[in-house]
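Working notes, structure below.
Chains: A, B, C and D, in written order; residue numbering restarts at 1 for each.
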Amino acid sequence: MSEPIVHVSCVRHTYPDRTSVHLCGLDFVVEKGQRVVILGPNGCGKSTLLYHILGLLAPQEGDVQVFGVDPAKHFSKIRERVGVLLQNADEQIIAPTVYDDVSFSPRNYGYTDAEVGEKVSVALRKVGIEHLAHKVCHYLSGGEKRKVALAGALVLEPELLVLDEPFEGLDPSSRNDIVDLLNRLNREHGVSLVVATHDVQLVQPLADKVYVLKRGGEILAQGPPAEIFRDVELLKRTNIEAPVLAELFQCSSRAA
Amino acid sequence: MINTFAQIDQYASAGHTAWHRASALSKLLFTLVTIGVAVFTPTWGPLVVFLAVAVLLALTARLPFKLVLLAATTPLFFAALWLVSRWNGRLDEIAVTALRPVVASVVALWLVGTTPYPDLFAPISRVLPRVVGDSLFLTYRAVFVLLQRLERLWRALFLRGALGGSLRRRGERMGEAVGTVVLHGFERSQRLYQVMHLRGHSGRICGCRHWRDLRAEDVWVVVAFAAVLASRILLREVGRP
Amino acid sequence: MSHLHIPDGVLPPLVWIAGLLLALIGVLVSAAFTRGVGPQRIAFQSALGGLMLAVMAIPVPITAFDYCMTLAGPVGILLGPASAFQVSFVVTVILALMGQGGFTVIGLNALVLGIGSMTAAPVYRLLASRMKRPQAVALATAFSQLLSSVLWIAVLALSVKLSPTTAADEEVHHTLRWLQGGALVALLAPLLLVAVAVESLLALGLATFLDRVRPDLLPGGASGAAVPPDESPESRP
Amino acid sequence: MSEPIVHVSCVRHTYPDRTSVHLCGLDFVVEKGQRVVILGPNGCGKSTLLYHILGLLAPQEGDVQVFGVDPAKHFSKIRERVGVLLQNADEQIIAPTVYDDVSFSPRNYGYTDAEVGEKVSVALRKVGIEHLAHKVCHYLSGGEKRKVALAGALVLEPELLVLDEPFEGLDPSSRNDIVDLLNRLNREHGVSLVVATHDVQLVQPLADKVYVLKRGGEILAQGPPAEIFRDVELLKRTNIEAPVLAELFQCSSRAA
């Protein structure tokens, strides 16, 4: 846990309507095997940050390094090592049936049919949607689609998983399943995680390190979850609420 | 048609008959040849057999009868127009003019109702320029997302009381509504290619599936093919004036 | 009337074979024009193709049979001629695969739809300097729809002319032929006009909306670019 | 709080792909002025239930009554009394600017311009987005769009608000804002609420009554939140997790 695999420093992106996101303040660093969560209010630039890591946006200013290369220029070199789940899972589903979609990446990378079948069934089992394998994707419910997209991201056993609000629209038990799954991947396969989310309840079980952004993109703070949630002033400024247990913890520590 | 489209797609992807297992290549060849033969058949005798074969194919593929009926009647309107412009009182000509497009339409239904679209597009996109070939896949996928979007839009219009008023008001509202869908389509398209890129698509979309692999079930396609050719030869004089 | 797709086996082979050849040439030429376009551009034109298909799937009950809108005009304006033709071709292929319009007449259907769509952009460009942009879009759409309809009727007329006459035809009197032609036009003309009107009205609403919300998407707009950032130079003066 | 305004009993809907949702077991009843939350795992049929209440789906079996009429047949009669926020709020926004959009329904129902202006400004004030009135909807952030859609749902002062996952994608502080707003509407104007959500943390502050669905659509239980969250067996079967405080409460009550 020391080699940085993602390094973003002072990146600026200006959208066509001149909304500017300036991801500055602290550097955003992910080390090998680390689980990183990004918190921040709506529209602060979490997705923008992830898009830079994935090479979908090229930095207009500043610098981005992933696995030692600039993703905006050489993403194809690192593509197999990165699994992705974007905010709108629906847009990530390309093929007609669940099986076809999850097998999209391995087929593109030229695995044999046997390998593809094996990989897909492992991925489906991991996410717990074997029963959907032959359903047509456009008829699934929102939550089901997200799980399909997640299976598609996991299928090649990537070293880095980038997830933009992976829990949105899932029921609590599916959320916990996914948290457990991510933690297992991290523990057993050393997968590094970068997760943007609004669900503060899941931060403590999921994160080694939390980054907090404020509106406009400034990276205000970083640290282990417990530390971040203790900083009441910070949370207020960034529309984040401490998870319920943390609050209790604060009360008791204050009372003591 | 809104349902037809989704329905056919659904049957193609979720069906489990022998026809679904047969290779896309043999089905595509069969379809093209049968349509080609039908179009050049001047007598109604063989065409009746073709139609029987086509309907049998569609029904044994477990496509609902309603869908087959719809496919059979869709081209009739145009055929009727044609007959109006060329009416000469000959019943055998009318029969031929009506039968040919119906045969073609039902055979095409069987093809698309048993073959998921990547298998179907893979050979077609190979003979087209890259831009066009890629568009074929992406357009098809976009249809479903946009159809869903239109469905939700229709819901919103319904719930917010928009389905009334003068024709002009309705036209304007429809335009605005379609405008939101155009914008959505635009934004979605920007992310779509990014996603394909992230998921390993490089340069050209391949329907990397088994469209060429021959299967045991292709025997049945050959049987159907034999039936078509045999009737074309044996019945060629039936219906000749 | 470009929405009324021609089925297989009705028109004489000479006509549809010529149509196929012409359409293939059209595809190749347009591909040459769009060589090296960025991936975003392909995704954008696919999205609009998908939109055409999705809109065609909405039946608008204005006559005995359901008229389907095509959006060919606005799509042509947003994309420019070369891409507009490709989109029309792809849409026609998918429709043929869905049993709407035949395989052998893919060429003719693509030409009828595509030529209408292709002309929308230049006509719009001519008009845009003289009036508000939404109105220019509506008028250009009306023009492209009319052109498609005329083409469609021309294909029909040409086919009637080229069909081999049988013995029975000889007996039919010449004036009867004219009457038949007249009946056909009388039957179709009102449908055509309603179709053109509906399509233009829709285009007006659509353009008004885009003009307000994303003026950059309409050519000649604020930023001048009709397409995503990595846009090609294609077909735009 | 006694007159039932929504009554759904044993409705079945089979989607074209033959997925069948059978909303049976208990009747689904909303009384005047009640705040009802629907919980259940992904794909259990929450949205399907709401679609029936809104007349978007006609029951193939069973019976639906809203304000005493069958919504699938006569929704136009009760449309003005029902406000709706669907799962994808931004797709509910039709007009170019916020003002245009919020005024969409009243204009359709033929109010005069003065009345429309009045209604719109009241609705915008309720939701707290007066400052956005003349912005183009398209450029708003996710949370702002949701508020615009909510204003559009409120503008006719409906007696019943139907909300499908209104909190999805919002940051915690915006979620609380909306909960407060809904509670205020309920308290001050007697608006009845039907809310489908996965966010169990918000159930206690928001609900008088909770319905629990399981996969396939069966309505397993109903009752006040505290009661529902005490039924550990039920929660397990339906992929729901008790909110953190409730869990603590259980521990302490068990310990006692």
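Note that in this section a contact is a pair of C-beta atoms (placed from the backbone, for glycine too) under 8 Å apart; a residue touches a chain by one contact, two chains touch by 3 or more.
The model shown is predicted, which means the values in this text are computed figures rather than measured ones.
Comparing chain pairs A-B and B-C by the number of C-beta pairs in contact, the larger count belongs to B-C. Chains compared, chain A against chain D: the Cα-based superposition rotates one onto the other by 175 degrees, nearest 5. A separation of 29 Å divides the Cα centre of chain A from that of chain D. Per-chain CA centroids place chain A at a distance of 44 Å from chain C. Mean C-alpha position of chain A lies 40 Å from that of chain B.
Mean C-alpha position of chain B lies 19 Å from that of chain C. Contact of a single residue of chain D with at least two other chains is seen at positions 16-17, 96, 138. Multi-chain contact residues, meaning those touching two or more other chains, occur in chain C at positions 209, 213-214.
Contact with two or more other chains is made by residues 6, 10, 14, 117, 141, 145, 149, 173, 176, 179-180, 183, 188, 192, 196-197 of chain B. The part of chain D that touches chain A in the complex is made up of residues 15-17, 19, 40-43, 47, 87, 139, 141-144, 165, 168-174, 176, 198, 200-201, 239-241, 243-245, 248. Taken together, the chain B residues at the contact with chain C in this complex read 1-2, 4-5, 8, 31-32, 35-36, 38-40, 71, 74-75, 77-79, 81-82, 84-90, 93, 97, 99-101, 103-105, 108-109, 111-112, 117, 120, 124, 128-132, 134-143, 145-147, 149-150, 168, 171-176, 178-183, 185-186, 188-190, 192-193, 196-197, 241. By the touch criterion stated above, chain D contacts chain B in their complex at residues 16-17, 54, 56, 75-76, 79-80, 82, 84, 86, 88, 91-96, 104-105, 108-109, 138, 152.
Considering their complex, residues 4-11, 13, 27-28, 31, 34-35, 37, 39-40, 42-51, 53-59, 65, 68, 71, 74, 78, 86-87, 89-91, 93-94, 96-100, 102-104, 156, 159-160, 163, 166-169, 171-172, 180-181, 183-184, 187-188, 198, 201-210, 213-214, 217, 228 of chain C touch chain B.
Taken in their complex, chain B has these residues touching chain D: 3, 6-7, 10, 14, 149, 152-153, 155-162, 164-165, 173, 176-177, 179-180, 183-184.
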